[in-house]
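Below, chain A partners chain B and then partners chain C, in two separate complexes.
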Partner chain A sequence: MVVLNFTLSEDGVAVLHDALACMFKFSDDVCLEARKDKLTLTTLNISKSAYVCFSFAANRFFSKYNFEGSPQYRERFSCQLYIKSLLTIFRARGGASDVSRENAAIERCDVAIDDGVGKKSRLVARISFRNGITASHSLPYEVKAPTHAKFNQDEAGNCWAISSKTLRQLMDHFGPSIELLDINTDEENHVVNFTCFTEKVQKRGATNSEAVLKKPLHTNIAVEMDEFDDVSVEDKMHIIISVKDFRAILQHAQITSGDLATSYSNPGRPMKLTYGADGVLCEFILMTVGEKDATYQRHKTPKANSAKAPTSRPELDSASHRASSAQQVQPAPSVEKQPTQHKIPTASRPPPPAFDMRPPPPPPPTAPRSPGLFISQDGGDDDDHQWDPVNPDEEEEENARIEWHSNSESDPFAPRISSFARKPTQQSDATPPERLVSGLEPTQRLSDVRRFGLFSE
Partner chain B sequence: MATQRTQRQNSSAPVPPIFRAVASSTRPLYQLLKSINFTHKVHVEITENGIRFATDHARVMQGVAHWNKNLFTTYLTNLPEPEHRPSSSASDSESDPEPPSTTFQISLPALLETLQIFGAADAASRQAKSDVDPYRSNLRNYRSDAFSNQALGMAGTCSLSYAAEGDPLSIVLEESGVNTTCNLTTYVPEIPEDIPFDIENLSFKIITQARWLLDALAELAPASPEKLTITASKKEPYLRLTSSGGPLGSSSVDFAKGRDLLETFVVNTRGGKVWSNTFKFDILKSASEAMKIASKVSLRGDSQGVLSMQFMVEIEGGSLSFLDFRFVPYAISEAEEGSDDGSEAEEGEGEVGQDGEMDLDGE
Partner chain C sequence: MRFKTDLKNIRTFSKLTAALNSLEKIAWVRLDDDSVRFTVIPDTGSQVWASLSVDLIFENYNLQSNELNNTINLELPLGLLQRALKSALNSNHANLRLTKRDGVPMLSMTIHTHTKEQTTAHHENPRARFNGGHHEDDYDDPFAQADMQTDLTMKREREKVITQDIPVRVLHPDTVETIMQPKVREPDVHIQLPPLLQLKAISDRFTKLALTTSSTSSTAARSERNNPKLELSANMFGNLRLRLFTDTLDITSVWDNLENPELDPSQLTVPVEEHPSVAFREGGADKWATVRVDGKDWSKVLSVGRLEGRVIACFVDDHALILYVYVPHHDDPGGAEDVVTYYVSSYSV
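Up next, the complex of A and B:
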């Protein structure tokens, strides 16, 4: 029983190809979901941090579209296919790029899905060329319900819209091998900042204990708010997304040349990007990188926010110092109390070498567990910072074990975080004897060596 | 006349070489040879009218290319008699019923490498590469302009000579004062028999544009199939290529509709049967280089299932050259045949219809 059949024009094939090519940058397989009124292609990337959804309106995009349904699939039919195999079928042929081979161009493309009991599950695409050649491809698929990402539109108070062409041009300024993009607004200067940077570190030195930033470069692109169609963003709100995903989206968006609209709430919460043209609606939901003090940021009034702007990057240095000194005292709270910092998932990083870098201090007699005590501790350790290495990235490395969701209340990964928080404590139990036997590191922190009585308090 | 005079001068030399030829452009030579580039060794047969190159892959595929005499500005032979008696002069052998020839084997990749030593054929591909990669340094970018020798394929002269049997084939390439001499070792020929093809008893003959055959293969190739079945039938779909055995599903290409699709179409199978044989996809794909440069292809199949593809290549300057390929099909087992028929019957529906006109005029 034919569940679904539709016909695409030559242009339709090209549009479908662009969509699939865009999805291919996120994932290897695509979920096809057919309903009476639309065909939806969705995919979720392997780390489940990005979700892509293309909806093709039945009456506008296709030259013919017919969802028959079957007793099994009355309302909708969904299946999963390899993007790679679809890409090779739905691609422009000969004539599109070469006028002399106009004959080899696609005339029409008929796609049918035939499913039912006792039938081979095949998607059959029959492509007719102008010269009379007909190619028919039959692809196996897996009947599978798609996974859709949830996005709470009510929660997302921040939004902006801009022509995708303009945005694509800005992207040219992004350097190579950058990973993260920080989008924030500056109401005073009436600009939106796109700051791109990477936190990738490379190990240096024989013992691999020294980590330096691979690309210590921040590129900030300030865009006048006039360029935007609509900006309604909490001032100084830093939202950080992956550049790779953003690039993939923009590359596709500029083809459709529609307006790209975004909406998001807070760091650590998803961000939605949409644009559409000619019966195709493109939706992307990207997870944003969570900031440590997102909770803090959220509860601040916009006024307080602008007064005491935590511009993430400038503040990073001192912040990370504070964090590291806190960590020396008691690792567990430092995870919770760590200030503004951009986090990327631990998986993409080398294991944190925190406790290889210097001998872990024994827990102070009055192990301060409350955050309040910490702050005073920070003050006391101020002189420590003089002895810090000039490059603060190594501290950053130490703190990289925070997951995205570390501070969002509805945190599904909470157990994981606590396990991360616990781990250092276990390590510190195990390592001290070993480190003490091997001797002292050439450079020491003041706070570390005090216990040896070298410096009086 | 001019050639004869040169010949006489040569024959006055102590030992006239068996073969000597000079070409002003290596590009057509390279292109023709490249299309049969699927093995390491090529059989070279030098005759009075040209050179025949035959390659053979596991005795299931055979490719033959010819360098016609007229590709060269000078072409001289001093071939030994078939009985291997050294002939006193080349003109004597004309009376011999069997044309004299000399054969040897040579390394095909080495020969190809030699012919494009000045990048005659490579310029275009290099240019394409540099277009793709715009960030390449300008300093190192040897992009040639449209009128460079390389783009025109006039990389000086190329002279080939084969002094005596067992001697290396010597190729001298000259370009703007730079002489490159390459001596390619020749090997004793194995004298492989041609794949038998019953030209008197053809099952079908189809002439179409080579480019379309290439398109059809390009349509099937991405699924990386293992086998390709070629079906020729009197009724629709007339000519069908079906791929199978790939991990991403199966595909088929029909040459069914369209007025000018098939130039010649003759099917001589008895009792309404179709000619259907399965070949290894990869060996058919090795002919794709020929499909690229050829203008027309003649597909023929004999009653034993052997497929012959003959490509007509228009050489720069208007002359024609032919490339011959022969393919041996998979042996058909009963079970396989059954399943093939089943899938065809299933897929054949739905597309039969409108305009199935074509010229069934034959030869």
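Up next, the complex of A and C:
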């Protein structure tokens, strides 16, 4: 029986995609929890130091939302899914031109979760495009109770809020290869300091050799307290969090909107960051590192500190109401991971050719920016890539590394589903020459139909 | 030892740093009362001596040293300097000073800046984004809070103070004493190069061609293939020739109507009429001075094109290639020009 169904507008799909993309920077899996009044997506990173929670209001975010419940799941239903699969479904469509974008525009997106005794557990997403095409995706999931991180709001006496756009732009000033961000206040100068540093360089010893020059940039940004809303922070307290997590949050916060609010207590205790958009509430709980040189804490509570500080993580409330193990369904990923590929005949693989086809000539190695021999010279001041050395891949381009998307590019998910998620794409790329042999003339370019959402990229 | 200065022409400074950084990660910087000199000497490849007048990139310059002639010698990671200068682009004010943090000498750059203008357009009528407009607001709705906050976010933009600390190494005068600028004899041909972006695009194309189209497989040939050489020639009749010659390819690009600038007799060590270029001019348009350069290294050298200065190439036939890059003073056009000198590593045939 249908436990949950909801409908999203095109904007809603985009917002959902943004949220999932943000979560993907923390983890591979997302836990979906449906209640009568809201849909919640949560995830916890692998080291359990960061917890992400997005809540979508049933009556504001969705065009339609209906939580039926079932005898088993009366109050709420929860399950775990691969973020990567969801990202593929809810991705933005559309080609380069206005016409193709108009054609590929999403009219509506219906999602239903079907579960029950004797039923296959599936999340079915049906996306209807303006051009009349409907794409259906069916995903297996694992029934699983979500893990929520605990945060004691009463204990968190320190707080501040600031425009997430401003904060995001400030992060641009921090160099690559930094790991930690120290946030502290200076009442005297009436500023909040954001200091970036890397723990590795704290090691001494090699100060007189060239190793000194290999240290990363040490960056401090002082922002006047007037620019914050509601600053209330203990003076000179240093709270330290991971730069990577903070960047991932800001990247999402700036596209969403408004102010980012934080609250925290002491070093070594969790910090909460929240911001909201229309009908969506975004919450992050990050573990903070003990103080920079930890002297403050060590003097105060030597014993408690050793038990708590660097090793302690957000304590997790896995006390969910239901013993879910009985109903756990294995993800069974290989079966229907890419159902659309099976339905569309053009994507199915033709029989192997009778004789060896010469493979298409390999593309020229790397000429991404200059298709013509002469490049136009009107490239702006900031378009500096044209001056890069001829073979940049041979350089250790530390400076070129911009870390916003490192997670989605490095593809930590790959090992799990690579065997079936990767191959089809490669095959469909290789199909054109083979089809000539099997005698089936293609009627449309694959790249033309891909924007209709028929094929995964 | 004291060094403190305000920065100006940050864009030019940043581009110079980027150009040097493409050749070598660490530079030797020599500061004295009149000039600031950046030198990069890679283990292999072209070396650069950039001698700039202090007022090209600095103002309110303050230097005190116990060394002879009031100089400070530093070793500096160019990547970090470039990164710090990136923060300083579009800033209101930036300065640089030598300091120490945790006993380690630092060049500390202090930047006063604003964040970019905030766009708030998308706050308009957020309700209309989703088809949920028919639902009336519940005041006890926890999500309603978000909307009300957006109206309060119009905070005054304040100046931010960014500090970028670049670790440096202070060099003793004895260590740098032995580093000498190369001496080369008077060139056979001197010519103004075509726009470097164009030259770089074609050179890079040749280099890539050489990297992909080699048929032999002997070890020597493979090393040759991985480091393809380009042949550069010029004559005193305004022609520059770029050639790639492999066992399967022979391609040439020729530029003409380039300028062979007049020599300034006061700068020469020999009388003008005895200058080697005279013989090359008399030799006619077929008298070429030729050097071979490493394609990848040459590409890094041409990265200096981002400075948008005039570049004069001096060819010593089958021996050396030197580029003089004239850095324009944007705030003083027609005034003095600073010169960045590239000693391009060249190979005999």
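The rule is short, and it goes like this: the second predicted complex is superposed on the first by the 270 of 457 C-alpha atoms of A that agree within 3 Å, B and C clash if a C-alpha of one lies under 4 Å from a C-alpha of the other, contacts with A are read in each partner's own complex, and residues count from 1 in each chain.
The working rule: a contact is a pair of C-beta atoms (placed from the backbone, for glycine too) under 8 Å apart; a residue touches a chain by one contact, two chains touch by 3 or more.
The structure presented is a predicted model; accordingly, all values stated were derived computationally and were not measured.
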item: First, second, both or neither for A:A277, with chain B first and chain C second; value: second
item: Touching partner for A:T88 - first (chain B), second (chain C), both, neither; value: first
item: Partner touching more residues of chain A, whether chain B or chain C; value: C
item: Touched partner set for A:N131, first chain B, second chain C, both or neither; value: first
item: First, second, both or neither for A:R122, with chain B first and chain C second; value: first
item: Partner chain(s) touched by A:A104 [first = chain B, second = chain C, both, neither]; value: first
item: Partner chain in contact with A:V223 - chain B first, chain C second, else both or neither; value: second
item: First (chain B), second (chain C), both or neither touched by A:L139; value: first
item: Chain C-contacting residues of chain A that also contact chain B; value: none
item: Chain A residues touching chain C - in the complex, by the definition given at the top; value: 9, 11-12, 55, 57, 59-63, 162-163, 165-166, 169-170, 172-173, 175-176, 191, 207, 210, 212-224, 226-229, 257-259, 275-281, 364-367, 370, 373-375, 377, 381, 384, 386-391, 394, 398-399
item: Chain B-facing residues of chain A, complex; value: 82, 84-85, 88-89, 93-94, 101, 104, 122, 126-129, 131-140
item: Chain C - residues contacting chain A, complex; value: 11, 18-19, 21-22, 26, 75-77, 79-80, 82-84, 87, 101, 103-104, 106, 115-116, 118-119, 122-123, 126-127, 129-132, 135, 138, 141-143, 145-147, 149-150, 152-153, 155-169, 195, 197-198, 200-205, 207-208, 211-212, 295-296, 299-300, 302-303, 305-306
item: Residues of chain B that touch chain A when the two form their complex; value: 211-212, 215-216, 219-220, 222-223, 237, 248-261, 347, 350-351
